[in-house]
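Going by the order they are written in, the chains are A, B and C; count residues from 1 in each one.
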Amino acid sequence: MKKSRSVRLIAALGALALVIAACGDGGGEFEAGELGAVEVGADEAIQIRSLNAITGEVAFLGIPNENAIRMAVDDYGQIAGRDVNVGTGLDDLCSADGGQSAAQTIVADSAVVGVIGTSCSGAAAAASPLLSDAGLSMISASNTSPSLTSDLEGTAGENYYAGYYRTAHNDLFQGQAAANFVFENLDLTKVALIHDGDPYTNGLTTAFENAFTELGGEIVVHTAVSVGQTDMVPVLTEVAAGEPELIFFPIFPAEGTAIAQQVSGVAGLEDVVLMAADGLSVTNFLDLPESENMYFSGPDTRFDENTNEATDLNGEQFLADYESEFGEAPSADFWGHAYDATTMLLTAIEAVAVEDGDSLWIDRQALRDELNSISGFDGLIGSITCDEYGDCGANVISIFQHNNLDDHQASKANILYTYSG
Amino acid sequence: MIDLKRVRTFGLIAGGTLSFVAAIGMVESFNERTLINPGITMGLLLILGIAAVFGYIVAAGKPNPLVETARDSRSGGIAGGLTGAIAGVVTSLFVLFVDTFDVSEFFPNMREPLVEAMTFELGVPVGLLVLTAVVTATAAAGGAFHGMSDSFRAGMSRALGWVVAFALFELVVSEILDFADPLVDLIYAPRGGLQPWAAVIIGALAWWLSTRYKGRGEAFTERVKDSEAGSRLRRSVILFGVAAVIILPMIVGGVVNELLITSGLFILMGLGLNIVVGLAGLLDLGYVAFFAVGAYGTAILTSPSSPAFAPGLSWWIALPIVMVLAAIAGLFVGTPVIRMRGDYLAIVTLGFGEIVRILLLSDWLTPIFGGAQGITRIPGIPVPGAGTISGTDPQLFIYFTFMFVLLAAYISYRAQNSRIGRSWAAMREDEDVAEAIGISTVQAKLLAFVTGAVIASFAGALFSAKVGTVFTNSFDVLVSIIILVVVIVGGMGSIRGVVVGALVLIGILGGPKSPGLLAEFSEFKLLIYGALLVYMMLKRPEGLLPSVRRSRELHGEDLTQDAWLDKGGDFTGDSAEEEATT
Amino acid sequence: MTTTTSPSKTSRRFRFNWVDSFLWFIRVSALIAIVIGIVGSVQLFLEGEGPTAEQWRDLVISGLSTGFMYGLIALGYSMVYGVLGFINFAHGEVFMSGLMVSLIAATLMFENGFWDANPTLALLIVLSISMLVSTLVAVLAERIAYRPLRGAPRLIPLITSIGVSFFLQYAFAGIFGVATRSYPPAPGNLGNDVEFLGIAIEGTKLLVVGVALISMVGLWWFVAKTKTGRAMRAVAEDKEIAGLMGINVDRTIVTTFAVGGAMAGVAGLLWALLFRAVDFLTGFLPGIKAFTAAVLGGIGNLPGAMLGGVLLGLFENVGPLLVLNGLGIPAVSQLKDAVAFAALVLVLVFRPTGLLGERLGSEDRA
């Protein structure tokens, strides 16, 4: 993406203004890099923003992220004697237009240094060019689309923009992990795939298909449902016609519930094995009797023993704190990613912040360089290392079998397979 | 004389309304926004506003054209206060219920945060008394207000209006006053909310201005209206308007421009739908399909990563192609539905809209439209000497939006006042008569569909260039409905109405996939849109800014759409409000 | 304007014959596509590919039971349309509201064991709550939003009902939350297969068809044999004359809405048994499909609504696999809703008055 002239002009003017302002303050020592720098006055707060799907049907994914970000900021405490402010949580509405307008709000405030978000990959594709142009750094906790970073073999994705990072895993990992598990551990070779037209679920089924056929398995049906559909008998009949041994449907609760409940009524699918992904390993779905004994792939959430090096909090303490603060367990699996993303950003800010007189200066390019150089950062999700395209995930995918309807955390600990890049 | 039955009814309705806004979590989320620092939040304003409005309505009494309603601030105040007391008790009982029983398994908002918000964090017994007292007092004030002198009412409402506007639109005000940074810092607290003394000054100033220049504004509007076209006064007003439109985007920042662009896209679609619904009288609930044709057409023709066919054309070359495609789509949808009854047409077009969305998303057509992965990397609009302009430069992109809005407004205006416009008017009055006097209704209907489709494709082309990616979730049935709400609220058949409707609804409350200026509303905007649609149809079917032509048209005895709109929907003689009280 | 393609008019206005040509083009190409699709599927079947005979049978049974449920909702549309001449767009939400509220009772009964201990009583409780709430919502909507608009041009109440529909959806979203909730599994041994006419059918599906048929017969008796039913037919024919004949028009219209709401409430129970999952948008698609069903059967025509529902249920369940799969289209289930909407368009293109013909009051035929 070419940066337009006007933006460059504005950025240049902005940098100039900052330099002039800095000179006016009498300091004048600090020299901003090419992306400019943010000045934080003596009694001002450092501004970062959160951008998640906090309303609508995908709120179950965005709200734990939002909550974890706030907890991380509280736990981290001050940077160079200054508070960190997250502002009002912004909503990406899980859509491209929503992501872009929220990003517009963020870049309008020149004091903002970094962003934790978005929740949905579709929103990130529209938000990251804007944030990247404005010199910000964004770290997503739950975007998994390969197009946002790279294909893991050194080719940048179509929608990669400098300044984009994520702690979530790349779909390609999860597709590979799930395919390996089905082919090697379960020893099944005929699989049906169902997605729901969402970029995430479609990306994952595609990654699975590629990995599974590579291993020598056969995808007998690759089909889709549409969001809002409740009568799953037709789709399940279509699936049954291919006589699969396993159905992998990494979709979301509304349609996933209907599939799980109706699958036993379709002739030919009485003994089929069901497998889903993190979109369904949420409280509502795991409560269903039908979800018992299903397999779920997703980020490894055995975070109990892992300790975040910035705040000295481990996963077990996090969950306890979360429950006491919000009255429920997190409704999706990316809370640890959000917490680590936030502490990573804050650690990096602390590392590059320069005190100059009364002011604290945060150079935008230096911040990106710092994030790119993160290696072996101990987070809740494990050891985090960023690659040059912003993939910072611990990249550990685990597959559990849901064997305890009453205690979901116990189920999630029943891990049968772990895959790390 | 206090109508106790009315007090009881409205007290219960007000209590129900307050409990309802609490139950859906509106008070809690509005509380996160401080209006006047410290303490006066948007949630409080919501509670007070509901109480005051119901107090006022009760004091105003039943509208009776035969008897001049007595205006007496004391009895009004008492009536309002009684209403408020009932409302306060009802609401308190609701809050008490939530506090006592744990029903959060079924009603996720009915938990402690709700109790805390409704009792002003004072806990149950004390807070509930405070709540009842506050609601009673506000409703009493609202009731008393009805009996005050006209000058007091004018001054008070201006003062309150301006203070609330300054508090709510903090973002716009501070962007406009950006050059005077110290002033902004004086008026507003560091992270949100008016300073109390600033609120007092703004209120006082507004009051003073309203008494000092009483009636001047109206007089000026009248003078402009009466002046001849092309007179100096007219020309200077138009010049001022044009200058404002050109300069405004430069003054305000990225956020307001972004909102203006989004509103602009809805103005475009509203103008297009206005031709179909407002002028030709055809209810199209699948209008979003043409928006999708415009957006996907542009995406395929300009994006280098379009899956099947990527000519990588310039936006300017893609635009006419997309317009032709939209026109064809208009004919394709229009022809089969042309002979259908009005209400069948609504459902069939809704079906068409969904079919288009489902096909764009389907795995079957993924090789062409990208399916779930959409089409990304759509370049912006190339401008010689300024690179490509896309949504990342809202301050420049807005001018393209303006341009197309002007174009669409011009097309609507010309169409409305031409032969075809008169055919549409005749057709929506009575098709058989129109046919009998020699109007080809088939041609007129198809032309309406095609014109509407082409205007929607402008919006689609702009949308693609702005956002840079297209996914099908930007084109669901909700969009069609919201465009309809914009047209209805603004005023069917009225160009000004559509512009104002889109600015108010999309710009302030938010569009289907974008928050508005008041992001607090985003969770509730669809609820509000639904209520607004019902309210407008019952109380003001002609819209906020009714079309001039319509109000000039004769009032016929026939129950035609136009006659209904002109009469303000009051066919049965008794108003809806009365219905609700009995 | 007549709804049919009147031949006299087209011959008179020769120059617009291309509209008819286009309609014929649609008719012919739809037929060809359907035939090719079916032939393709039959071929697949003979080759041993695609669903087995048993699976086809299940698909038909499932389509029938869904269809009966659509039919019940469609009755409400059809009655209101017959009497008032407008589409109550919010009828899907009337259905959803009963379903959503009775979920509370069902969950509570399930939690304390009553659900499985007394299946019949539990289902009756759910049924009565669902009917009560749906009826109440339908009557309230009529009272507040539609009655003041009586006599308004027909687009006005339609737009109002769109507003009511949205308001109800998001009011329920606000109060009940946006998460999908689930009814407990069918109580007792209802979920087991039952031998019926020699084939094993899931008990719930049989119950669904049974309840729908009983409701249908009850409704027919109500409209045809009772005094209120006669009043309804009179009001449908001509409101003014009915009023002059001493019929309380307002009360009759309220009754119409109430009965339509009650049928939607029954449909709520059937949904709870068939699909179980509920959220605030649950009413939207079934609502539109039920309207399609009403049009399919001939609006205003009660047996037509039932027939339309059953056919639509079959179309959308069997259609994608039978027609689209045969055409070689991948992921056909995704296009299920598109098939339902296409069916609506095709019905109106082929036979605008529906299969059994419209029954409308004189004033609505215009």
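The rule we apply is simple: a residue touches a chain if its C-beta (ideal position, glycine included) is under 8 Å from a C-beta of that chain, and two chains touch if they have at least 3 such contacts.
The structure presented is a predicted model; accordingly, all values stated were derived computationally and were not measured.
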item	value
Chain closest to the middle, measuring from C-alpha centroids that were averaged per chain	B
Two chains sharing the most C-beta contacts	B-C
Where chain A and chain C are represented by their mean Cα positions, the distance between them in whole Å	41
Length of the line joining the C-alpha centres of chain B and chain C, rounded to whole Å	32
Chain A and chain B: spacing of chain centres that average the CA atoms, whole Å	34
Sequence positions of chain C contacting 2 or more other chains	179, 330-331, 334, 337
Sequence positions of chain B contacting 2 or more other chains	358, 361-363, 523
Residues of chain A whose C-beta touches two or more other chains	197, 222-224, 226
Touching residues (chain side chain B, partner chain C) in the complex	20, 23-26, 105-109, 281, 283, 285, 335-344, 346-348, 350-352, 354-355, 358-359, 361-364, 431-432, 435, 440-443, 481, 484-485, 488, 523-524, 526-527, 529-535, 537-538, 541, 559-561, 564, 569, 571-572, 575-576, 579-580
Complex interface listing, chain B residues touching chain A	32-33, 111, 175, 191, 253-255, 258-259, 262, 305, 358, 361-363, 371-374, 376-377, 380, 386-396, 463, 466-474, 511, 513-515, 519, 522-523
Parts of chain A lying in touch with chain C, wherever the complex brings them together	56-57, 59-60, 197, 222-226, 228-231, 233-235, 237-238, 240-241, 253-254, 257-258, 261-262, 265-268, 284, 288-289
In the complex, chain A residues that touch chain B	1-2, 4-7, 55, 85, 87-88, 90-91, 93-98, 100-102, 104-105, 107-108, 122, 125-126, 129-130, 133, 147, 158-159, 195, 197-199, 201-203, 222-224, 226, 327
In the complex, chain C residues that touch chain A	49-52, 54-55, 58-59, 62-63, 66, 178-182, 185, 202, 274-277, 279, 281-282, 284-285, 316-318, 320-321, 325, 330-334, 336-337
